[in-house]
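Heads up: the structure comes next, in structure tokens.
So that you can tell them apart, the chains are marked A, B, C and D in the order they are listed, and the count of residues begins at 1 in each.
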Amino acid sequence: MVLKNDDNRNIWEKIGDYFSANSIWMKWYCTGCGAIEMPPTMTSRFDMERLGMGPMATPRQADVLLITGYLSTKTLRRVIYSYEQMNSPCFIVAFGSCTINGGIYYDSYATIGRLDKYLPVDLYIAGCMPRPETIMNGFNELIQMIKKGEAKGWKHYQENYEWYKKNQLDSLGEIIIKDEFHE
Amino acid sequence: MTVMNFVYGFLVLLGVFIFQTTLTGLNRKVTARLQKRYGARWYQQFLDIFKALRKDSTSHGWVFDFGVIMALGGIMATVIFIPISGFQAFPGLDNVFVISYLLAVGMLGMAMSAAGSGNPWASIGVARALTNMLAYDIPLMIVIFAMIFAYDSASLSEIAAMQQGMGILGWNAIRMPLGGIVAVIALLGMLGKKPFDSFIAPAEIASGPMVEYGGKHLGFMFILHEFMTFIEVALILNLFFGGGATIWEYMLKYAILYTFANIISGVMPRFKIDQAVRYFYRVPLAMAIVQGLVVILTGLGVTIWF
Amino acid sequence: MSSMNNIINEIKAALAPLKMETPADKQIAAVVRPEAIHNSLSYLRQRGFTQLCIVTCIDWIKDSEFELVYILFSWTDGIHVQLRARVDRNNPVMVTATDIFPGARYYEREVTEFFGVEFTGNEDAGKPLFLEIWDDLPPLRKDFDPQAYSDSKFPMRERGNEFVSEIGGTEK
Amino acid sequence: MNLAIILAVTVLMAAASFFITRINKKAGGFTTVLSSLFALAALFFLRGSIGEDFAIFYFTFSITTVGWYFSLVMVMAYSMTSFFNPYWMEKMMYPGSYNFMYLLSMAGTIGMFFAKDFITLFVFWETVVWSSTFIIQLGKSRKASYVYYVISAIGSMATLFAIMLAYSVSGTFVISEAFAGLSGGMAIAVFFTFILSGLAKIGIFPFHVWLPEAHGSAPHTFSPVLSGGLVKMGAFIAFLSVTAFPAYEIFGDMFKVFGAPLPIYFLMALGAISIIVGTLMAIKQEDAKRLLAYSSVANGGYILIGILMLDQVGFAGGMMHLINHAVASAAAFLAIAAVAYRTGTTKMSEMGGMIHRMPVTYLVYLIAIISMAGIPPMGGFVSKWLIFQGLADKGMIFLAAAAFFGSIGSFMYVFRPLSAVFLGQTFTRDLKKKEVGFFMMFPMLILTGLSLLTGVFPNIFLRVITEIQTSIGLIPVTLAENTIVTANGFLDAFRVFIVFGFGFAIAFVIFIVRRKSTKVELMDTYTSAEFIHTRELLHYSSKFYAPFERMYGNAPDTMTLYKKISVKIRELGGLAESLFYSHKPEKTVFWMMAVGIIVILIGGVV
């Protein structure tokens, strides 16, 4: 997915993007091994709060969804469900090679290959897993992107909703599961 | 009641918002330094609020919206009644009971809106918040009650004014030492700071009442939280620490009191809700009753200094 | 507490296993005929092996057989017993153990889901458990090709030059 | 002779409604509406003839301000609730008797409040007790009416005893003179036995057990009357026992606790205990009507404390709380009845999300609970404020602690039905339910308006109370144009309301200026990313305050205690029976002789 930087925002949107860039609340979806890299990023050593970032409890409150590792099909259903509960503008940051192209699970029947076929990923942080330094670097990148108005994944998702839905259904069959465990 | 009253009221709201939000931002830095971190920028809290207001939001029906408006409206009305170093937008209405019960309008609005979202976490959070309120309010109200009896006045500004002029010895927190301790402990409970923050526990119950808020609703909650903090700290400041003769003294004392509460909470773990109730009904309640009886029966603490 | 040897002898006498070994300390493995599984389980259960730790399966594709493995544990003796039996791969049917160990319900369901072994008597066995929606061969069978499945379901990124632009590739 | 007409018409209409119901059930229900509305209007215009005395047969009446105030509150509860009667006739087992008893008990209350002598008061009192006993029986359980009748009977008999005792001294039954000349132990005996019926009726601590039973299982249309109206009869007795029986003068030289003589302080302490017990029990109820019944116990405590203070401020607060609680409680019970009319249940765990089906009922309930919890700008706040001020004047710290506890605790329990019944996910069963019709909505809206009126313009009602205070020789509470002035400060309820409106307006403006939010279904909530499809399972309503309930869940229940006592008494009776009524006559003779000898011996010694 390639986003062109067509900067036709009006002044209000620019101010709004300034606020969005400097106050990023994240919902941190601990899917894979990457979740363990987040606590050092948040605490004294790297101190994410100086960028204005902080953890939030629910997707409704959050601005950015962190996908920290491989996604099985079951998890992807929940991630999509969570993402659709978020309020725009919202961004997705995906960690590690698993989300980029399947990583070491490239041939697994249970994990997906590339994430951006199902959800609009604004930023990938490469690595297996990325260390906190890389993560901080990535977040800096995200802040710059939001400031410039380049992080428009949510808009892309809304505009190409059918395309994303088709990909999701092709791979997952169904997103909202109703069986004996989900009553 | 003229138009000027409302203009003053609006200015009070604006000033309180700017002051308290700045102070919250600075206190985030204080907490960060306690944890050996660099911390957020001092204006981070403004950015957070405006960012939240900027975002789109999700609504769960009219009661969800109405509750938020009612909460913020009730709280803002309460802020207008708070005397700020002798200045009041609506003079004479700074009755302790009016303030503490008008505060409940905001609470009820927030609880209604949270439960109206239909999320079980929100209901659990509300249940805990109300239980917490029952815990901290009784000891505090007993001390305040004794104070009203002794001063023959329930007006915040009058009680504050009576404590001024004698330096630190005039403060009720010094004259009624047990009551002062109860007040500071209750302040922690009122502010929902650790160790009494089980109702907004983010990891356990997904931030409790706030679970379904996003966008402007969440922004409202943040603004509401700033105003509520102001009311609670100002209540304790006026009643126990003598308010302030000038606006600068008031602001300084306020900042010190709030930072003090913040530092205490910064090094505390969290009580379970029933532990909090048990704690409040054991130590602070006993201290409050002793203090209240001393003040009512002997007059000690109010008259002895005169 | 009876010693390891006693138990081995008792089991030998009672079950008449095809093969018996002790893979490690406090562990006994017995291979029995598939028809004998149900009786053996009920014997072991009343012998004191009250906990069914797991029911699982191994796909011996070259022998065209599935090997079902039941692991039981005795809390009084502290001994694990493995019961193994091989069933025909083309017609994998086994009698359910739910009447002896009610907890076997979910283990059997899992085996059915991942290997396609049928358990007669367990009504739930056919229902999905972990794989929420599945439309292919049971995935842990050796003749199932995960790579092909993954390629058909989860398309990979075309390895274009977008990743190597910094080391001399063309622009995007 | 206006009152005589009201009484006669009400009694006649009661008889008529019985026969009309036989012909047409709905028409019978409308008869109660018409005649109670007539009584309300007639009573309202009775104000001009305050001070008149007259007699019908042997009954003597005198029209007083306090009687007028009490009966107006009472008939208001009756007439507003009667709007529900026509709709419930189909579900009632004996609709004719219900209508008859309904109007008869109303006539009884009117007569009681205007009684001039104790015999009249007692006769009308018993009319109310009997007729309401039979109505409660028409509801869910018969046991409730036994409990109600037993406790009422204990109170009534004690009061009758007190009246006779006072008669033996003063030789008159006229209320204003009957208690003259009492002193010492006699005074204490008369005081406590006299107020016993009041305590029983208002539901003060050891007698509170009948309220949850009776309120919880009475017909839905009678619970509002019970809670909003009949409980207030006890307040009238409490009022008489400090005014007609000048308790503060008679006990004036006794030991004083915080300025109140010991017997009066004891009763106030009972009021405080019932605030705490009522609050704690209300928090853990699972049935909406039982919860509100326990809240009546707590609010009865406030009324009792207020009235017994008999001073400038606290008394006014108690009298004001009378009307506030009557209005709020009747409205809350009516709202629950309206919900029960549609869903057929009052259990909180079986309902949810009724706000989406019945928004008006929700608003009615919301306003009622705001008033009941004492939150501005509703009436309950003003009266609680006055009671707090009265307590602060005297420094009654323990009563104040109980009052604060009840006040904050009431936020907890009133919120429970709000959240369980009205908020949350609508149950699948209730998705097609409709709002109740306008005829049922009308009384609820009137009561809601009254709640708001008492909160915003409390002085309209306080003026009547100042008249009462003047008539019994108290200094009336100071009222300015819109403000209530007390020694500790003043309250301008209207200005508080306006400022609240100002704050609300600002919040509203900020809210609508921002972008409109997308509306989603209530099932689309944050569930930790888990898919949940059953509406009933996602709604959190039962065991709402579980961690708090656990702290006092094992505390003994008063009802259990009574049951144990009754078992013990029965056993004691069994013992006596086995002693005196055995098969062997010589044993009986032996015991009778033994008892006789012991009595003679003791008599000789003394």
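One rule holds for everything that comes next: a contact is a pair of C-beta atoms (placed from the backbone, for glycine too) under 8 Å apart; a residue touches a chain by one contact, two chains touch by 3 or more.
Because the structure is a prediction, the values reported are computed rather than measured.
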Required steps from chain B to chain C (each step between touching chains, minimum): 2
Result of counting contacting C-beta pairs for A-B and B-D, higher pair: B-D
Chain whose average C-alpha position is farthest from chain A's own: D
Centroid distance [mean C-alpha coordinates] between chain B and chain A, Å: 37
Approximate Å spacing (C-alpha centroids) for the pair chain C, chain D: 68
Rounded Å distance between chain A and chain D, as computed from the means of their C-alpha atoms: 58
Chain A, residues touching no fewer than two other chains: 58, 60, 85, 177
Overlap residues in chain C, where contacts from two or more other chains coincide: none
Residues within chain B bordering two or more other chains: 56-58, 206, 211-212, 215
In contact (per the touch rule at the top): chain pairs: A-B, A-C, A-D, B-D
Of chain D, residues touching chain A in the complex: 524, 526, 529-534, 537
Chain C-facing residues of chain A, complex: 2, 73-74, 77, 100-102, 106-114, 117, 170-174, 177, 179-180
Touching residues (chain side chain A, partner chain B) in the complex: 16, 19-20, 22-23, 25, 43-44, 47, 49-50, 52, 55-58, 60-61, 63, 85-89
Residues on chain B engaged by chain D in the complex (per definition of touch): 1, 6, 9-10, 13, 53, 56-63, 65, 68-70, 72-81, 90, 92-93, 95, 97-98, 101-102, 104-105, 107-108, 111-112, 115-121, 123-124, 126-128, 130-131, 133-134, 137-138, 141-142, 145-146, 148-149, 152-155, 158, 206, 211-212, 215-217, 219-220, 272-274, 277-278, 289, 292-293, 296
Chain A partner contacts - residues on chain C that touch it in the complex: 127-128, 130-133, 135-136, 139, 144, 146-147, 149-150, 153-157, 172
